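Each in structure tokens, the structures are laid out below.
Across the two complexes that follow, subunit A remains constant while its partner is subunit B and subsequently subunit C.
Up next, the complex of A and B:
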């Protein structure tokens, strides 16, 4: 177990290192000069532009040698200094991101867990059950092939615009000030439902198909055949198959995280839901590079943490990792 | 294995391919889109970005898919967008597959330190969310084109392919025919490309199809955030404009829905084709 965890941790630390390096490198080595680009975008008054240019050059630390810039970047990072936003000048980037993260967690955690759980259950039921399989499988493929933003648009248009049941923008009504009351919480949930559903449905399709295929694979394997030959009831064989099929689904969760992040970004853009995705949209529109780089780092940190948690779960679920029987 | 009777094997492949409903559906949809992407732009009577018609008009005989809030022809945008979306898929998918094959084959065949090193890189890039990197890169490009976008998408999408191909190579390189080839003194490079790669051909095709679909989705998401091509149109860009200019609030479904529907259809068709091909290549999965 120690070896397994150490190996994983090493990869995560290296990944973080690479990600921070990318974050540092791209603004400096891409063609074009981001500083003048930013100033050209914002600079309405020349004296403001001059102040900004001075600030940017100092903030990017462009007046010292490259290696020192790199070290300074790390130093600032550990002090939680990600620069100042242009879109919401003069708020620090880290504060803007901190405000957004609860919305992301509120949206993503239920969507990921519920879709994973429901998808596994339904997929397991569908395997080798002709009628259910013939309906679930096409539906699953349809859902998982749907781009997140399109499902979000379809839901927002049909249930929001045409039927008028759900609001289509924001995390809560503008008329309400955030406070702790039943009315506010209901309002929050009302706004949360459609973005949640669009994430949930797309992911659900993927998990259901994955589980269905894995169960069929397990039911074809030798131990299932052996159990069958012994006359063990089908329900018990399926139970064993389910437990074995679960492992790739857990690994799959780790592999899917990147796609889920992309989906969340797109969904938040459609619903103007104030998470990281919506911030990224605004950062792109306002050429707010500091904010963009901050979002990038937070996404990386989130994905790495999630990966690590999944590894811990895997150790609990799969005894082979505890006994050091698998290399990876 | 297949050297004795290549002809029979091929006809068997065609036989099962024709019998497979999934493959037929998937390939038909894909061919329809490819055809449309070739012919569509010629059918469009208006320039995709020109302000030609009434503002925000629903579909009519003159404007088949209606017009945008600014009076652009949605059908024309859709036709040109489909073309660029397929191009990004083809280019990005090819690059992703090629890099994946190269890294996977070398790591799997060489083993040892080379494998250790390549595998480490693969794992690291695998964890970093592709879209996040693409956003950062695209944001700093002041002029963005479809070609550049495809290259970057391909260069960030290969890790899972490399990993899968590496695993396949591992299992193939200890086979007897590879040992025999090695005994004849052939170079590693030739062994990899003449003995190992051909035995994975079917698998590589599946990888390419999935990479194609992934590139289409990645490009659409990138365009949707507003980091699409600065000139021209794409399906994701149409959606981006529609959402930004409140097509949702105004109920302009003709502007909102077609681009995403096309992406969903293309990617869905790719998945179905993939499953169909998988069933043909892998007799265990065939349902008789």
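Up next, the complex of A and C:
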């Protein structure tokens, strides 16, 4: 057990190192450079622009060779310093990310968990009767094949623009200041509903189909047939099948949860929802090395953490992993 | 005592019925171990499974099954529930994979029994006794199937299947995946189970006729969905009457014969397809002694006590 965890941990640390290195490289390989973009935005006289350029390049630490920038980056990272944003200069990256993350969690945690839960239940139900299968399966395929942003746009247009029931932009009304009151919370939920639904529906379709296929596979497996031959009631056979069919779904959930910090870029852009996804888009558009790097760093940590958690969950739910740890 | 009369089971396919079991008629006495032999696809497993779990694409066509004087409604999935496990049980071909991989074996057995309305704690001492009998440690109950070897899983399934003392046990190819010494042990356990009265009648389905020679009281030979011959084991080996049985026995290697010098005999040709099989005796095409009469189906007749055969040449 201890050995298993140690080995896993080592792999995660190694992955972290490689991923962060790549994360540092990617923005720097983008064409163009952020400082020129910034100066162009300020739109000052050429002489002043030169001075500004020198100042900014020094301020962002871009005046040293690449390898030194890389080392400096790691040094700063261990001090919890992710640098200063170029797009929202001079706000620190960490502050911007901190502000965005609650919105991601608020939007994605319910969407992922509820769609996972509902999808598994409905998928298992679909494997039960032909007429359910014939209705749920096509619906599931339709939903899961729908691109997130397309469904988001359709929902925004139909329920937002045409019906006018839901607002279509922001996390709360621009007229309202965030504070703890029922009115604000209701406003928050009101804005949350459409982005949530657009994510929930698409994910739901995927989970339902996955579960339905897994259950059918399990019900056709040898142990199910043996139990049927022994006249064991369907309820128990289905219970076994459901439990065993859950295992791949748990892995799927881990992958989804890992990406949670990444937000849902398309959805957040459509609804101007101020999560990490929305920030990533702006960071890319503004060549904001540090903000982009910071966002990806959190995504890396999120993915690794979620995977590690699922490793632990697997030890509990699947005896086969538990045994593999002691043997060999 | 099991009586089967005219049992006919077809597989429904898009291209029509595959006539896998045609008018099977035979009886198995209490305490009898009957071997069911024949080559792959001859309908052995179809016959075995139709007695306990006649599920689609299997289609019940006609016939009746009587066990200990009670009509067994093999055609009715629901009504059969009562018979399954309690009166008729199965050791499946896939015994290695028959246990739920994510349940401890003891817990699984408990859940199975409770679901059939049997109190696990009452059965537990007997369960342990039987584990001893098949030389499995009681620790097996606390293990997951993955922790057991193939042979151990096989023995576990044997114990589970017979726990409720069924009147009829169907053992389907239970020795196929085992090495020879384990095969012998498993076979001896089946005899032991009968001797101890855990099961009354046993059907052992196998293509390995030499195993039956060691443990079966009688052997039923099938060919292409039809019964060819049923007789006490000695008779099948010493005085087979059906040409197929003769050739089957003839194809076995014999002790003391060097097969470098004497080639082992096979049966030329291959069995007919069972989708639209030829009328009459289905062995006709490969039979060395076939004649005009063979276009009619030969009845499965008792030619001497306990010896039935379906061949026009044998009556």
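We take it that the second predicted complex is superposed on the first by the 264 of 328 C-alpha atoms of A that agree within 3 Å, B and C clash if a C-alpha of one lies under 4 Å from a C-alpha of the other, contacts with A are read in each partner's own complex, and residues count from 1 in each chain.
The rule is simple: a residue touches a chain if its C-beta (ideal position, glycine included) is under 8 Å from a C-beta of that chain, and two chains touch if they have at least 3 such contacts.
Owing to the predicted nature of the structure, the values given are computational and were not obtained by experimental measurement.
Per the definitions stated earlier, placing subunit B and subunit C onto a shared subunit A by superposition produces no clash, and the two fit side by side. When both complexes are overlaid on chain A, the residue A:223 reaches subunit C alone and has no touch with subunit B. Of the two partner chains placed by the overlay, only subunit C lies in contact with A:232; subunit B stays clear of it. Legend: residue contacts after superposition of the two complexes on their common chain; A:93 is shown touching neither subunit B nor subunit C. On the chain A superposition, the C-alpha centres give an angle at subunit A of 70° between subunit B and subunit C, rounded to a multiple of 10. Of the two partner chains, subunit C is the only one that A:244 touches; subunit B does not reach it. Of the two partners subunit B and subunit C, more residues of subunit A are touched by B.
By the touch criterion defined above, A:258 lies against subunit B but remains apart from subunit C after alignment on the C-alpha atoms of chain A. After overlaying the two complexes on the shared chain, residue contacts for A:320 are found with subunit C alone; subunit B is out of touch.
By the touch criterion defined above, A:126 lies against neither subunit B nor subunit C after alignment on the C-alpha atoms of chain A.
The superposed arrangement places subunit B and subunit C with a least CA-CA distance of 7 Å. Comparing which residues of subunit A touch subunit B with which touch subunit C, the overlap is empty. Remark: subunit A residues 11-12, 14-15, 18-19, 22-23, 26-27, 30-32, 34, 37, 141-142, 144-150, 153-154, 156-157, 160-162, 168-169, 220, 255, 257-258, 261-262, 265-266, 269-270, 277, 280-281, 283-285, 287, 289, 292-293, 295-296, 299-300, 303-304, 307 touch subunit B in the complex.
Residues of subunit A touching subunit C in their complex: 221-223, 225-233, 235-236, 240, 243-244, 247, 317-320, 323.
Put simply, subunit B touches subunit A in their complex at residues 120, 123-133, 135-137, 139-142, 160, 213, 217-218, 220-221, 224-227, 239, 242-243, 248-249, 251, 253, 256-257, 259-261, 263-264, 267-268, 270-272, 275, 284. Considering their complex, residues 49, 52-53, 55, 80-86, 89-90, 92, 94, 97-104, 111-112, 115-116, 144, 146-147, 157, 161 of subunit C touch subunit A.
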